[in-house]
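Right after this note come the structures.
Two complexes come next, and they have one chain in common, chain A, joined by chain B in the first and chain C in the second.
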Partner chain A sequence: MTTELVSEPEAAIVEGPRRKRRQKLVPYLLIAPTLIFLALFFAYPMVQGLILAVYDDEAVLPVLDKPTIDGNQNGQLPQGSSVEILDRQGNLIEGEVTSDLLTELWFRVSSEDGAQGWAPETRIRVREESSDGTPLIGTVRTKLGAEADPLTDLFEVPNESSEVAAKVEPSVRVAIEDTATLEVWFQVRASGETADELGLVEGWAPSRFVQIFGDEVSGRIDRGTDGVFTTRFVEKMVEDRFFGPAWRTTLILMVLILPIQFVLATLMALVIHARVKANSLFLYIFSIPMGMSDLAVGILFFSIFTGNGLLNSVLEGVGILDDPKVFLSSDTRNWIIAAIVLAELWRATSIVMVIVVSGLQAIPDETLEAAELFGASYWKRVRYIMLPLLKPSLQVALILRTILAFQVFAVVIALGGGEIVTVLANETYRQYFELRNTNVASAYAVFILLMSLASAIFYLRAVRTQQETSGS
Partner chain B sequence: MSTPVIPERKPKLTAGRLGTYAGAIAIALWIVIPIFFVFSMAFTTQETVRSYPKGFLPFIPFSTDTMEFFLSSDGVAEGLINSLIVAVITLVLSTALAAPAGYAISRYLFPGRDLFRLSILAVRAFPVVVLSIPLAVLFLRIGLFDSILSLALMHTALTLPTTVLVIASVFASVPYELEEAGQVFGASPFQAFRYIVLPLVLPGIAASSVFTFVLSWNEVFAASVLTLENRTLPALLLTRLSSSSDAFQFAGGFFLMVPSLIFMFFIRKYLFNMWGQVSK
Partner chain C sequence: MAEIRIEKVSKVFNGAYAVREADLVIEDKEFLVLLGPSGCGKTTLLRAVAGLGMADAGRITIDGRDVTYLRPGDRKISMVFQSYAIFPHMTVRENIGFGLKMNGVSAAETARNVDEAAELLHIEELLDRRPSDMSGGQRQRVAVARALAMKAEVLLMDEPLSNLDALLRLEMRAELKRLLADVGATTIYVTHDQIEALSMGDRIAVMKDGVIQQVDGPSEVYAHPANRFVGSFIGNPPMNFLDGQVVQSADGVRVQVGQSSITPSPTSVSALTDFVGEGVVVGIRAENTEVLNEPRGDAVKVDVRVVEPLGSQNLLTITVGGNLMKVATHPTFETSPGADLWIRFPPEQIRWYDASSHALLVGGPD
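Let's turn to the complex of A and B:
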């Protein structure tokens, strides 16, 4: 008995903290998958995106004193600088051959009379291959030109600057024993105007970073390997001819849409809150646009405004128009904007409505009943009780809607094609997709992000100061 | 007290009610008419789509001509299948990741809980546009570009925060006392969860999954940026907008809208769970 009495509390002590620790760990284990996923596919790319906008990771190319990776750096050439090509050499590739390399293939060959060594593929014609494509037997090519040395050099190692191991006659049959892939390196020197800025930079660089012009003695640095921070992309964005129109149109659309939208959403919410018959049907219909793709809404309003669309048909049916009016063309910019405003009102009012309805539901019925009892008309109840109590909901809805308004995209493309009327998201897409300019696209994305943040902070501040003034 | 109030209220109410009905019907028509028009265009002949004026809507001749033309167009069948696969992967991934997290938020008080909730809220408000470009670069780097999977991962990142919050509110609506009561009567914690909580939360979780599906089906920007050959339906439609006929666009619009029309009907009760709580 005594042993039992002792062991029980002991067991409790042992188990107590263990269970507690497990309990403490459980919530973290439960949220871990979400956290890891968001870190990988949200936070990490977000940081990368910020970096892309201000960091050029191909800005400068270091040139080396010899054509190998472990050579010492002679200097740096910025991307795009013109260079003279001084020399060219193959260099053995360690590891895998990727497709962007300019390469030379070398063979180690041996002839029947015992000559052995390495020769470039250009000197050997392959005659026989094994079933998997490995060259087995070849013949030495004949050199062209009268003055050329008729003998072909075989080198000690696969490199033209190495020792010559043997010389072989043209057309000799050789066994191909081994192959090596070389990457071509160029010895480059900053030329002309480039040199004035940089001093005389000279050195070796792998061919994949150098673009060679037709004359084979001049070229330019295609891309670099070292990055630098730069405002180049931001400047390029600001100077882009679509940047001004894009942000102006985005703001104009916001100013035109948001006030009407909030009035309409409040009206819809009041209708739902009035709990008329068939309330659930109305709620369903009112919330349909919430689940609609913005592209689908763009197509809906395209069907209305297009030349032989609903609006023209109705206007002619009523007798207002004799001929169809063209609404969506480059001459009718204002009509396109009007169509976008209507489409956005149609599409995004529902989400505001849902937020307002749940705000209304949080208002106790007693409050409204009391007001009614004291003779407040419906309008007065809305104006003096509901709207003030709805302020937090409206604020949240306003922040949400503003952030969404900065992203308006597919509706604009569907109704205006994206050229006549353009918005920030469309420019991001154009820079990325059509112009293949990832960094400038990122700059646009960051701009949208900053505008969204700024507007959220602005709304939060505005409401707080209002509260402070009314409180004091 | 209540008897004198009622006769006073009644006449006011009917007048107000009439106005409310008129408003409700007007707004409902404003929402329904464009959808009806595009649907009727999607199920008629291509000549009718081109014709002008179109006359009164219900008499537009019914035909599957436009639909057949659309479905047999190059890339449309693949686009539909791609969209379906992406949306299903997104639904599964998003729900599987979010369910435990939602449970943790609603059931446990742990240090960092509010921070987690807040950051999830902040993530949800983030612009899609901002995320797409760097993700495209990332996927390009790891060799996942232009794949269905990469788009599903992106859509999961977009929908995950919403799903977490919705599932948390669904769990919160089932009192913990029920689970405790089950355990008092001898159920293990797992059994209590499996037989008491799960049946109660399943409809809510299903609703949020359906909404995830619709969001992924609808998403245009990321789909256009992340895919090239393996276009989903919205991305395909977007790139073909300028070069395709009206009939093609209307039929495409029909396919874009159908899932949301059907699914919104089933999940309309849960909309407030999804969006209502942002204001709290």
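Let's turn to the complex of A and C:
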């Protein structure tokens, strides 16, 4: 009995800190996969996107002192700079030398029926490779298009202007006997930068990076291989004629939508919180827009505002209009904005409502009863108790909605087509898909991201300062 | 003057009565405790008085004014909630002054009332703090101060001490009693703690299953429980109840409990005469028995099962005629389980209860 009593506190001392340390390990273990996940699928793509906006990976082309990849760098030429072509040389790394060479990989193949010759790499799908990666067996690709000759030519030498040795059917298996890599190098001279100064640069560059003009002696650097950081894309974005309108419209939509949306959402939440009879029915009705895609909502509202849509039918039926009014056209920018505001209000107010409802439910019943008992009318309870206690929920909803408002896209496209009324997200889309300008698109995306971040920080600070000042 | 009259008030939840035809009159400046186990409807009745859950039937008047369906804010009442219901976003000063502000009291008078209430509860130095960094006891004081600042003539308290730890509860109990006596508001105080009820109330209304069982002063409720439930709910240990049989013997009416018989007091003989040949329940408090070491007169021989020394007394668990009962002895009284013991039931301390209805037959306060 006595020994037990003595040994117990000792054990506790030994056990105590060890157990503590073990307990603290668990959160780190739990957070590790999260960090890995974040790094892989969030931080990495985001950083890549960010880099695209400010990094031109084809900005400069190094020129070498010899027409081979082993050559030493003589200097570099920026993309688009004019060059004078002094000399040209074709390299055949393996196979026969020909006069006019193409920058292509060629395969010398033989089919099962004995046809033999050279075919460009684009025509052969490699099926089997040796251990060092050399292609051994392949299949002839099917030619696409009804007009095209279904047969693939095999040439005498790795050159399309040489004699056709044979023709093979698509999908025929071939054995690959030899490969030839062909390259043309140009010796160019232009003003560029050398290792330590700006000036005349002279050197060899692979022909695929140099666009030559008809006179065969002048050209320009088509694209480079080395990247540099640049504000070029950001400048291009800011100078883009759609940037100003897109930025303005996005802000106008936000200013028009958010205040109305928050008043509506709070009212809806109060209706649900009041626990009236058809309480859950209201919740379901209010939640319907949450289940709809924004594009669908845009199309829905388009159908309301269209020439023979709901709005015109009603207005004609009531007798306000004699003929259908064209609401959504290139002359009715304000109507388009009004339609977008209505659609966005209808679509996204319920998300705010859900957040506010959960905030209201977190207020204990007794707190509201106490206010009622001490003589606060319903609106005074809203003013003095519910709204102050909803502040954190409203803050979250405000951040969420502002970020979403910067990203508004599908509704705008559906209602306005993206030309008369354009927004930042639409310009990102236009730059990426229509103008194929990935970097400027990325600059737009980064701009949206920075605006979202700035607004979130602003809201967080605004609310915190308020608490600090009233608390001191 | 603020007399509260509760007349035939009923409240139904999902088809079941939470409160059934409660009749209660709380006199001006009286401290009435609503006591009962959880789910007995005491809080429901209080909320009906407060207006937070309107009565389904009946009438409630305060100072002659029918308030049954009045909004809580219009009843001129004040309340302390079980969870305190302090407004977390306001300072203590704003909390205490909230009711006055809502009722349009001038800023100067509000400030005076707030200071007064804070002084009463010794929380002057907390006035500019927020409830989030306060202890449970401090929040409780703020809740009471907020209720007192209203200077309402009716004060309702819903288990205000139940969220405090035992020591603090004991301290606050005495302080609240003193404070409320000074304030002189008509008070309804809901609790499930019978010690709190006995120690604080001018009168106690004991409730069970939505029905008021007994309304009396603390000593009457303790000494003369109106029925078996009240006797077993109030007092620690609860009142002992033994099944007996009324018999007519040569020397008058006697009650047979197991092998032994008890002579009733002269005042209860007449009432018991009607029950000759029928069962009756004998009720007696643990401390009202006489415990003897040797047989004497009408003492009954019992078996000792458990001896619990509690410091101020020794609590014995004994068996009498198949009934378990608890008796209290002086702490110096020595006995042990298995020892022979005799106990005597002083006839004037026995309460007789109907075997089927469990209602008090005789011995109620006169």
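One rule holds in what follows: the second predicted complex is superposed on the first by the 339 of 472 C-alpha atoms of A that agree within 3 Å, B and C clash if a C-alpha of one lies under 4 Å from a C-alpha of the other, contacts with A are read in each partner's own complex, and residues count from 1 in each chain.
Just so we're on the same page, contacts are C-beta pairs under 8 Å (C-beta built on N, C-alpha and C of every residue); 3 or more make two chains touch, one makes a residue touch a chain.
Model, not experiment: these values are computed from the prediction.
By the document's definition of touching, neither partner reaches A:Phe243: not chain B, not chain C. Here chain B and chain C are compared by how many residues of chain A each touches, and B touches more.
Legend: residue contacts after superposition of the two complexes on their common chain; A:Phe155 is shown touching neither chain B nor chain C.
When the two structures are aligned on the shared chain, A:Ala296 is found in touch with chain B, with no touch to chain C. In the superposition on chain A, contact of A:Phe327 is made with neither chain B nor chain C. After overlaying the two complexes on the shared chain, residue contacts for A:Trp118 are found with neither chain B nor chain C. Touch criterion met: A:Leu373 reaches chain B and chain C at once.
In the superposition on chain A, contact is made by A:Ile385 with chain C only, not with chain B.
When the two complexes are superposed on chain A, the residues of chain A that touch both chain B and chain C are 373. Residue ranges on chain C touching chain A, taken from their complex, read 50-52, 71-74, 77-79, 81-83, 85-89, 98-99, 102-103, 130, 146, 150.
Residues of chain A that touch chain C in their complex: 364, 366-367, 369-377, 380, 384-385, 388-389, 391, 471.
Of all residues in chain B, those touching chain A in their complex are 5, 16-17, 20-21, 23-24, 27-28, 30-35, 37-38, 41, 50-56, 96-98, 100-101, 103-105, 107-108, 110, 112-113, 116, 120, 123, 125-138, 153-154, 156-157, 160-161, 164, 211, 214, 217-221, 224-225, 234, 237-238, 241-242, 246, 249-250, 252-253, 256-257, 259-261, 263-265, 268, 271-272, 274-280.
Residues 24, 26-31, 33-35, 37-38, 41-42, 44-46, 48-49, 52, 264, 267-268, 271, 274, 276, 280, 282-296, 299-304, 306-308, 310, 312-313, 316-317, 324, 346, 351, 354-355, 357-359, 361-362, 373, 378, 392-393, 396-397, 399-400, 403, 406-407, 409-410, 413-414, 417, 424-425, 428-429, 432-433, 438, 441-442, 444-446, 448-449, 452, 456 of chain A touch chain B in their complex.
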